[in-house]
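Read through the structures below before going on.
Across the two complexes that follow, chain A remains constant while its partner is chain B and subsequently chain C.
Up next is the complex of A and B:
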């Protein structure tokens, strides 16, 4: 009660604003919940039921009907347990990587084993698994793969670029600056176009890289440029005395970088790194323009089918929720980490 | 042990060190003092190549300092350094701070490095802090860890750059005690400090610097009783007179 009076009804303008907002929320949210939950149709054998309810209730039956396609694309139906398993492996890797008690050498091993397992599951062709060409990969599985491999490959590259940009060798420094500025100055869409149209022109006769790989390369190069700047910011925040202390002990450059400077720089840059990861995760949806079936594309294709035309709202709400869940998880995680680090710093040191 | 002959150092146009000659014998303890900006830090930072000199010769334990990286790393491993601002590695525990360099530079087995580290922590009187992070220690404790960290490399020379000037008075004592013990054990030491009490008890020689030059050098007794130059006299009256 006290809180209400102090924050919402402290004076006349405040009271009026509060009332207006409550009224607006009432006017907008109640019909929305009505539509999305109360009147909604969850399962339907045909689209007639949905059409009849159009305007009064949401047709979640669309999602029910199409979820396999949205999750796995055109992956052979009876083999879809494989991309499902891949999604679960990825989720498990994300969660363990997020737990600081798991930041041990074995985590790197877990990632390597995990990524290898993912490759085997998706492609098959070994261990009695049927081969599935990557044109048929799609949906959420593809989105997660593009994002994960993109970040996993871009991150080490970004660290090298950031170190290169701070190097004392002028040529190396200039090259890194050139790379970063060039890639950052171009929209991802045009990089994807270039990768899908121009890259094949440069390759020798008879050699071809498939579309997915080209997209992955373009996205990796793009992400690396952004991440490099974030890492560089972290490097700059490490006091010079740290470098000097390590050098004074006789540690060579790479050992100093690896054991003393980078661990501190990366800890400092966790929040902006996560921010970049979130942006990159959503940017994977741009592969739509070169014809890869990521989550957004599968949703778009679903509502292009004649019997589902007109149910775009439901489809896009669904896809937004999926993206939101992933991005919000990342964002919450980074906030928690920031708090933890701040607590460490309050005791006098970044942990 | 350390031999500087005709050393000059410029920062751009500004000459920070002018024609420095200094030789430190094995086991000798030298205290360097002088007003702010006189080049004391610069001089001792040249000795382990945290700064590079432009002319003159610097020879440490028979190895001449040049651009040769291997020689530099060899010298750094033999020369311990303690900074005014401690510069402990905040992401590592106290014990890890002490074992890092022995493990990665001398390739000491981890277990052995840990045992040596614990001995050193006993020596600087904080074995109970081994598992803590530097941020959880007091300034005096941090500086003693920093000394132990340098000693963990079994250096032949120790350089100190104003090791106590970032500390509260009651902590200065605990750090100086450790340094005095070290001196009594025969370590070769080059110490930049304004702790004149320490200089009197420990130093074999006091080197007074001003404006990038070594103005005078002599035994503590001579230096305190009868400074030869006006600049030294003025300096002494300022820091002793308060």
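Up next is the complex of A and C:
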């Protein structure tokens, strides 16, 4: 009661706002839940049932019917356990990387083994697995692969760019600044277009790379520029004394950087890095525009089929939920980590 | 070997090698590209801009365009369409974002929760998904024009877009704009004089209200003297669509709604952070000096909050402009989408993409230049 009075009815404007919100919620949320849950059709053998309920109940049967396509794209049906396993491996890697107690050298080894296993599972061709060309990869598996490999490949490049931008060598610095500002100044779509129509022109005759790899290259180059700026922020936050102490010990540039500066800089920049990862994960959906079958594309194609036309709202709510789960988990994690690291710093521990 | 030990010559060598590697790679790519263009018989150069485009553009509200016009004009239409959605989007997103930011700080628990749910949901779903969602909502779930929803008088929501009343153009309106700008200049001069006088004699002067009066009163006076020629043009249903008034196509409406709601979530967080960044002691000090609530806000809180808010805000404006390129996915003819069409028609990918990049880069660079100027100006104010 006291809580209600303090937080909802403390004065007249507040009371009015509360009442308006409650009224709106009543008018909007109740019909929405009615539509989304109560009247919804979860499983249907044909679309007639869904058509009959259109307007009163949601047709989640669409998701039920199409979930294999949305998760794995056009991967051969009987081999779909392979991308499923890939998704599970990736999730396991994400979770272990998030636990601070796992931040040990073996984590890097785990990643390498995991990524190698993923490559073997997706392509096949060895160990008695059938070869699957990567035009047939798709769905959630492709989205996760694009995001994971994009970040994994962009990260080393980003560190080099950030170091270059902070370098005392003017030519090197100018090159890095030019690259970073050029990439950050243009929309990702123009880079994807560039990768899909211009990259083939750049290559010597007779050599060609497939669409997936071209998109991956564009995404990586894009991510590297943004990550570089985050890493640069971390580098700037390392106290100058650290650098000077390392130099006083006689450490050369690379060992100073590798042993003293980078570990501290990266630690500081983990929360903003995770935020950049979120943005990048969302941006992978843009590969739809150049015709890759990621999660969003498979959903869009599903509702393009004649029998499912008209159920776009359900389909896009479903995709939104999938993206939301991943991004929200990451953003909560980064917030918690930030608090934790700040607490460590306040105690005077390692920053 | 001795030379390599000295730091300076080594630095020079490194830089030379880096530059040589980059230039070498570029030369290699250019060489390949030239060879490829030759074998594929693709023309190069910007001569295509003067050739006939041969495709229609869905909407071109500012510039008459037909398929017989040349590529250059088509791209210009695209640029204007980008600007049209970006400018309106920036204004609306700022308003909505400020409201969201203030709502998150509200003492009303329900309102604050609502705002934070809004921010979390919007920020964690890709913009492209949201655009598709809005497009489906408008084109598939709104009624047809014949039984369009009519939430406000003369405003119609239908699957053909949003129709609302517009003001019929009149030659006087150009003059109104000019008097308004003149009024702003006069108001600025008055404010300057008032500040100087206050510094000299300590006498305050309500320059804000006087300024408002001049800037708004002048055009109003002109308007009234000219006989108040105001003609509202309401949309009318004719055949299968609305005519008259302002009709926003589904594509434009989708893009605008998507960009505004998306960017507003980010702006809301920026506004909130900016206000929270003003320390409590500042409020208390202003109170202790006896400043009124309005003066506290204007003289103490806002200048400090704006210093935190403006830099990330401009980068959000830039993001909105860059994100407007997603128009290509829903079929709104912005610059990227028209350049894409022209690439598909004539195969001149390099020129098309170069145009896109040049336009966005010049916008980005001019905004960063503004940011640097602004930061320098603020740095002087700092203690």
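Definition applied: the second predicted complex is superposed on the first by the 348 of 351 C-alpha atoms of A that agree within 3 Å, B and C clash if a C-alpha of one lies under 4 Å from a C-alpha of the other, contacts with A are read in each partner's own complex, and residues count from 1 in each chain.
The definition used in the following text is that contacts are C-beta pairs under 8 Å (C-beta built on N, C-alpha and C of every residue); 3 or more make two chains touch, one makes a residue touch a chain.
Model, not experiment: these values are computed from the prediction.
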Residue contacts with chain A in the superposition, chain B compared against chain C: C
Contacts of A:290 with chain B and chain C, given as first, second, both or neither: neither
Chain B versus chain C as contact partner of A:120, first or second or both or neither: neither
Which superposed partner A:337 touches (first chain B, second chain C, both, neither): neither
Touching partner for A:255 - first (chain B), second (chain C), both, neither: first
Touching partner for A:316 - first (chain B), second (chain C), both, neither: second
First (chain B), second (chain C), both or neither touched by A:84: neither
Contacts of A:53 with chain B and chain C, given as first, second, both or neither: neither
Residue numbers on chain B that touch chain A, as the complex places them: 48, 50, 69, 73-74, 76-77, 79-81, 83, 85, 87-91, 100-101, 104-105, 133-137, 149-150, 153
Parts of chain A lying in touch with chain C, wherever the complex brings them together: 7-8, 10, 14, 17-18, 21-22, 168-172, 175, 181-182, 184-190, 193-194, 197-198, 200-205, 278, 282-283, 285-286, 288-289, 296, 300, 310, 312-313, 316-317, 319-320, 323-324, 327-328, 331
Parts of chain A lying in touch with chain B, wherever the complex brings them together: 239, 241-242, 244-252, 255, 259-260, 263-264, 267, 344-345, 347-351
List of chain C residues in touch with chain A within their complex: 11, 14-16, 18-19, 22, 29, 32-33, 35-37, 39, 106-111, 114, 120-121, 123-130, 132-133, 136-137, 140-141, 322-323, 325-326, 328-329, 336, 340, 343, 349-350, 353, 356-357, 360-361, 364-365, 368
